[in-house]
Amino acid sequence: MAKKSIGPVRREFVPWENSDHPPFIEFRNVTKKFGEFVAVRNLSLKIYEKEFFALLGGSGCGKTTLMRMLAGFETPTSGQIFLDGQDLAGIPPYRRPSNMMFQSYALFPHMNVEKNIAFGLKQDSMPAQDIEARVSEMLRLTKLEQFAQRKPHQLSGGQRQRVALARSLAKRPKVLLLDEPLGALDRKLREETQFELMNLQEELEMTFLIVTHDQEEAMTVADRIAVMDKGELVQVATPAEIYEAPNSKFVADFIGDVNLIEAKVTEKSDAGTRLVSVVDGFVIDSEQETEAGLGETVWYAIRPEKVRIAQGRREEGQVNQIDGLVWDIAYLGDVSCIHSKVGEDDHDTIRATFANISRMVENPITWDDEVVLSFDRDAGVILKG
Amino acid sequence: MTRGPTWFNITSLVLGFSFLYLPIVLLVIYSFNESRLVTVWGGFSTKWYASLLQNEQLLDAAWVTLRVAFASATIATVLGTLAALILVRSGRFMGRSLFSGMIFAPLVMPEVILGLSLLLLFVAMGTARGFWTVMLAHTTFAMCYVAVVVQSRLVGFDKSVEEAAEDLGCPPVKTFFLITLPIILPGVIAGWMLAFTLSLDDLVIASFTTGPGATTLPMKIYSQVRLGVTPEINAVCTILVGLVTIGVIAASLVTKRQQVQRERDERAAFGADG
Amino acid sequence: MSEQTATPAKRTIGGKLLIAMPYLWLLVFFLAPFLIVFKISLSQIAVSIPPYSPAIDLAEGWQGLVEAFREFSFENYIWLTEDALYWKSYVSSVVIAAISTLFTLLIGYPIAYGMARSPQAWRPTLLMLVILPFWTSFLIRVYAWIGILKNEGLLNQFLMMLGLIDEPLVILNTNIAVYIGIVYSYLPFLVLPLYASLERLDGSLLEAAEDLGCPPWKAFWKITVPLSLPGVIAGCFLVFIPAVGEFVIPDLLGGSNTLMIGKTLWVEFFNNRDWPVSSAVAVILLMILVIPIVLFQNQQQKMSEKEG
């Protein structure tokens, strides 16, 4: 089957598809235990030079521990970490060629902006005029020129965030580590800053590793995302692949909104797979092949925006059509989300969203309407339980 | 709680603070009494202050006390700051509860016990008693106070600031001096001042651990007080109270001004986003 | 590069020593002295320097140590039970400390309450006014009361001037003077933790109580008092524990029949030069205070855990 491209292509940068390409950062069978608690479990991961890589997961999934091991603040219980071919074991944080931007920003409260940015350079005994030049370059890059003499408490949240960024970039580290860098900013500023980060990364041609729990943030900025759960990698892929082709129920559920339909495999062929829903018994026809055997129970994951909704009943014998009863309507401004009941139980609902493209709506679908939900053969993904 | 003060509240505050301050105020007033009889007002005079300056013994004792206080406060500040770092940072280690017990117990331990036990230690070690033994004794109990003061400052300390310094290439010891110490400095200074006044104040521990030639001011005052109240002692006390009051008020004014400035800055910076 | 166990706060041997310094210091100057006190409390008084025997002579090595242990006896402790002076001192110390703590609470609570209810702008000043006496010499503050309380003192002059009394009241050198001295000296220790817990109290709780039909005086007993209890307990411990072993106050303000164990120990040591007996007195005092000290530390721990 010819491979379709998933999602928009940002740029021609896909080193991970070439197995000969040497990784820039490599975690090899890394495990980290805190007492009995296993924070990271036998994890291997390759990150490439100039990549913007995101570690995504809920709190306690081990993403921050993984990053802190790279920075040197935690030592792996077992396994190795390589950066640019060098084994990092035994190298203290202050001799590692990586720099980190902290979640709390960790600005030095007793130093002004300029001194904060110059701090790392001074540790390398850089000549004074070089430091000055680099600091003013960083100030310009982060638009902080007029705040150079201010102390951290005299800055707003957004300005502090930029100081922290400038400080961690000043040494031109081989890799910049960003620990929830935008968590403390309000939504609007966060979105703006995400694009600034991407532009900076491209301009400086550096490798960025970001830790975040915010899926939108990860999808916006990253070339690739690693979704983590309970100390393990669940899926490592581009944002579009993660969204459109999740490899597990966990990822499908964690990223974005999804309908998960429990179904049994009834037919397998070269042309795809047929499933019958456990609830209501409607037939799903998918172009995807599955490893699951006949009769096995699987999950069919379909995003709400890929479900069409119309008034009426399904045509006899048609596949990928479901009869429903409108149960709830959520008007969100840009989109509306309709919850339709497809089974006896109140929880057996399928969500369909559509963009509100016109301001005035004629004869809208409303509560208790009989509707038919339909979708294409390639709209969803079959996932093993 | 933000409710207006009632008459009951104001009355209890006025009475309470009168109780706290009246004795000291009376003591100060009577230090300017012309009469030798402390309780009979014989007119205003500063002659007792003048006679203080003639009292060599008292001046000697004051000099000893200042030296002891300065040395013990300084050592106690170093040790107490380290102790606070251990308490806050070290997590679990062998004998941790013993250590924190040894830090907190001297705060409430009767001074007679501390004094006696230290004296017996010095005797057992065969140390000649005098300036050094008093200094060591004061260092020991003052460091516990310093540890508590510095600890309260360290608890609110964002550890990632230190990590950031190390991440930027600064080794741990240098990080302590460049980053940690400047940030906790107000606590360290407060600890030093507390240690200094505690040493200046102490009668009981000094009495136990002192030796010939190292009579401190409180010991001198005590022996004179036992003979009766004299205007001269009132004058010494007034000077001590005055110095401490000026020091504490100045320190708190400086802190307050910094705080006000800081709040103003923060308010100005707030809302610069968006 | 084989240091697999390297922790972020990597410590060299020098660094470890530096960190061990306060620990070692306290072991040598705080814990070891107690062991010595305990040891000497088992010795006998002797006309020698130091004035007790056996003195452990480390030069004699292990043999000397064993010899010394053989001579230890509990005679001093038996002596403490036989002479009524000692156990009366203990009992009276605890009683005086408890009564004084109660009075301190009765005087301190309205002050702390008034401070917590005062306008926000006053509070830093009021707080400093409470802390200031704490910084001024303890000895001076006790001394100041002598001039006030004695027979021809200012209080009696004042009362006679008002015509309230004809004869001067005898206050100095009685237990009343000791109560006054303890209350006065330790008042800040009680007011500070109490104020802290009262200030933290959410005013809307009282409004909620009143909204639900509870009159203000009842709201005070049902809401304010129970919620300020941690502060009350902390403050009372801070007054009671050191007051039990107080020496300066009973010595300067109390009379010859004011029995307090701190004073008894002092007299035993400086006047009678009986080091073994005063050591035994200290050991028993410590044993009496261990319970409140441990209770106090537990309570502090609980409070800091709640905040954290």
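Per-chain residue numbering starts at 1, and chain names A, B and C are given in the order in which the chains are listed.
What we mean here is this: a contact is a pair of C-beta atoms (placed from the backbone, for glycine too) under 8 Å apart; a residue touches a chain by one contact, two chains touch by 3 or more.
Here is each chain with its UniProt name: A = Spermidine/putrescine import ATP-binding protein PotA; B = Inner membrane ABC transporter permease protein YdcV; C = Putrescine transport system permease protein PotH.
Everything quoted here is computed from the prediction, not taken from an experiment.
If each chain is reduced to the average of its C-alpha atoms, the one that sits nearest the average of all protein C-alpha atoms is B. For the interfaces B-C and A-B, the C-beta contact count is higher for B-C. Chain A and chain C have CA centres that are 59 Å apart. Chain geometry summary: the mean Cα position of chain B and that of chain C are 17 Å apart. For the pair chain A and chain B, the distance between C-alpha centroids works out to 55 Å. Under the contact definition stated at the top, the residues of chain A that touch 2 or more other chains are 72-73, 92-93. Shown for chain B are the residues that touch two or more other chains, namely 163, 166, 172. Counting only residues that touch two or more partner chains, chain C has 8, 10.
In the complex of the two chains, the chain A residues touching chain B come out as 71-73, 92-96, 98-100, 102-104, 106-110, 119-120, 123-124, 151, 153-159, 167-168, 171, 185-186, 188-189.
Chain contact summary for the complex, chain B toward chain C: residues 1-6, 8-10, 12-13, 16-17, 19-21, 23-24, 26-27, 30, 38-39, 79-80, 82-83, 85-86, 89-90, 95, 98-99, 101-106, 108-113, 116-118, 120-121, 123-124, 136-137, 139-140, 143, 147, 163, 166, 172-173, 194, 197, 200-201, 203-204, 207-208, 218, 221-222, 225-226, 229, 233-234, 237, 240-241, 244-245, 247-249, 252, 256.
Of all residues in chain C, only 8-11, 15, 18-19, 21-23, 25-34, 36-37, 40, 50, 56, 107-108, 110-111, 113-120, 124, 126, 128-133, 135-141, 143-148, 150, 152-154, 157, 184, 187-188, 198-199, 201-203, 206, 237-238, 241-242, 244-248, 252, 262, 265-266, 269-270, 275, 278-279, 282, 285-286, 289, 293, 296-297, 300 touch chain B in the complex they form. Interface residues of chain B, counted against chain A in their complex, comprise 158, 160-161, 163-172, 179, 182-183, 262, 265-266, 268-274.
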